[in-house]
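Here come two complexes built around subunit A, the first alongside subunit B, the second alongside subunit C.
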Partner chain A sequence: MNVAELNTALEQVTQVPRVLGAMVVSADEGIVVGEALMEGLQSNAVAALAASVSQKLAQTTGAAGLGSPSFVHLAAENGALLAVPAGLGLVIVVVAGRDVNVGLARLEMLKVAETIG
Partner chain B sequence: MTVRAVEPWTVEPVRRFIAESQARLVLVMTPAGQVLAQSGFTRAVDVMSASALAAGIVASTDELAALLRQARFGALSHQGALHGIHLMRCDTPRTPLLVLSVFGRNTSLGLVQLFAEQLAVELGESAPTEARPRLALAEDFERELHQSLNALFGT
Partner chain C sequence: MMTEDIRGLSAELARDPTSLVFLALAEALRKRGQLGAAGRVVRAGLQRHPQLADAHALLARILTDQRDFGQAFESWSTVLELVPGHAGAHQGLGFLYFRAGEFDDALAQLEEAARLAPDDPGIQRGIETVRAFAVERTTPAEVAPEEPADEGNGRAAVFGGLEGANKAVVLLDRHGRLLAGGLVRADGEDVAEQVAAFLAGVSQECERSARLLDLGVWTGLTAEAERGHVHIVPPTAETLLLLSRDRSVPLGRIAHLAERAAAAARRWLEEAE
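So, the complex of A and B:
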């Protein structure tokens, strides 16, 4: 997969109503690999913090004997942060507004994860 | 983690940066390698080596930027198996500063970058606006060196 294909896949995720942005983040470094975001979203900050949260959650589920998380849904006052681990040490992160269709967003995120491999 | 500083206004921003980024070692210095604050170092020789090397790296990348006919690089980072380094230039009303951070696997480059950007803003806001007096005489240099080492290591 090249960068153009990755960005196209991320654009598909942002077609889901109320999705404000989608990005691919390196899980270990917390830096942005690819992104399709609405203007005004701080991709670096979201990427760093979302990768950190994903790792902490993976440690938590691991300690509980549940294995790695396959989908993270962090509901907030004004929206939600969604994360799906992909191959190659990457995480797909979506920032969504209130009342987003989480199931549909998840399906699109899984498509991106499949594309990454 | 304790922050030792020659310039007290650097202490709080560096302390916050360490608390948030979980960096293990931090050096705040001038582009010439003069250290203003440090945290995590236990030996003066390590501080002097690290500051000299960091200043040299930034000087080299400044020249690379000049060769490319572009503005100076703002920051650079290297990720190793156990530790990573992040080296950033930031501007203050008094003088440009360099911040060297060494971090482990308990944090990430993204988090260090994120909080280093905040540190740069806070250093810029905290720095005094008046110019620092320049000491050129040899005896002044030695006295200042001893004062700096006392401040940085409490010896």
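So, the complex of A and C:
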């Protein structure tokens, strides 16, 4: 999959109502690999933070004997930050507004994760 | 905060080594799970105050936390030699007999404790539990009921009454230091300290992410994993609470349980201050 295909897959995620933006970041470095609708959302900083939180949660669930996380949800007063670890050391990150359908966003993110492999 | 308390108590003891402040310092260390340090402090205090029953009682509790039941028995016995009719010592001995599966002796000690302290609900609950075990003649579980001061892992009792209180709830500070609770894996290993260390800084990262994205205050962090879920909430700006459950428990229920645990944590932190 090239970057253009990745961005197209991410655009599907942004079709979910109240999803404000989506991106794929490298889990280790927190660098943005691909993105859709992330204008004005400080994607680089958010990517680094989302990657860091996802890694810490992976260490946590691993230590607790629960295995690897398949979905991470940071809930806030006015929205949410969602993350789905994908193959190749990548993490799919979605920024959503309040009252987003988290279940639907999750399904679309998992589709992108499958595409990445 | 508790760390500052410990620092203050340590300074006070350094200024006056004959002071009885060693009792408060050892208890504070015990509540933080620093059992080795707590034991050293109370033993040093006993060098100067060998007749102080409270110090022997505290040492007995620390030894019990450390699972050194033989020495704990000796310490409780010393308390009774110094203060015959010490309800706490009878209760402590009852706990140790219970641990050993000697239910008749456990009941005798607890009933004596109840006679001396009839209004102590913890002793009454202990008696009921021992009676129940005595009827079934089963081996007592890892945590016995008449030790209300902690949750059986040497850490402060914060989440009493909450399902999985000492096995699947962890309270930590922003630096990844464990404050209370426990997290026990399916193989029986308590990984609470390890998990607390992994989560150092997560609170600040969540806060920063939410601020950068203009999402307001963060309220919870959930991870769905292969064999279970974890839900993390910030009971206060300085602390983080993690609650873990297997996949059969719906995420909404986990979030609700975490909120209950967070409320208990806030109460405990306020009392500690």
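As a working rule, the second predicted complex is superposed on the first by the 116 of 117 C-alpha atoms of A that agree within 3 Å, B and C clash if a C-alpha of one lies under 4 Å from a C-alpha of the other, contacts with A are read in each partner's own complex, and residues count from 1 in each chain.
Here, contacts are C-beta pairs under 8 Å (C-beta built on N, C-alpha and C of every residue); 3 or more make two chains touch, one makes a residue touch a chain.
Note that the coordinates shown come from a computational prediction; the quantities given were computed from them, not determined experimentally.
Chemist: Please name the chain, subunit B or subunit C, that touches the greater number of residues in subunit A.
Modeler: Larger number of subunit A residues touched: C.
Chemist: Quick one: classify A:66 as touching subunit B (first), subunit C (second), both or neither.
Modeler: In the superposition, A:66 contacts subunit C only.
Chemist: In the superposed arrangement, which partner chain does A:49 touch: subunit B (first), subunit C (second), both, or neither?
Modeler: both
Chemist: Using the touch definition from the top, say if A:75 reaches subunit B (first), subunit C (second), both or neither.
Modeler: In the superposition, A:75 contacts subunit C only.
Chemist: Could you look at A:107 and tell me whether it touches subunit B, subunit C, both or neither (first, second, both, neither)?
Modeler: neither
Chemist: Just subunit B (first), just subunit C (second), both, or neither: which does A:88 touch?
Modeler: neither
Chemist: Now for A:31: first (subunit B), second (subunit C), both, or neither, which partner does it touch?
Modeler: Touch partner of A:31: subunit B, not subunit C.
Chemist: Both subunit B and subunit C contact which residues of subunit A?
Modeler: 45, 49, 52
Chemist: If you look only at subunit C, which of its residues touch subunit A in the complex?
Modeler: 183, 185-187, 191, 194-195, 198-199, 201-202, 205-206, 208-210, 212-230, 242, 244
Chemist: Under the touch definition given earlier, write down the residues of subunit A that touch subunit B in their complex.
Modeler: On the subunit A side, the touching residues are 25-26, 28-31, 44-45, 47-49, 51-52, 55.
Chemist: If we count contacts the way the header does, which residues on subunit A are in touch with subunit C in the complex?
Modeler: 41-42, 45-46, 49-50, 52-53, 56-57, 59-61, 63-81, 95
Chemist: Contact residues on subunit B for subunit A in the complex?
Modeler: Per the stated touch rule, the residues are 79, 107-111, 113-114, 117.
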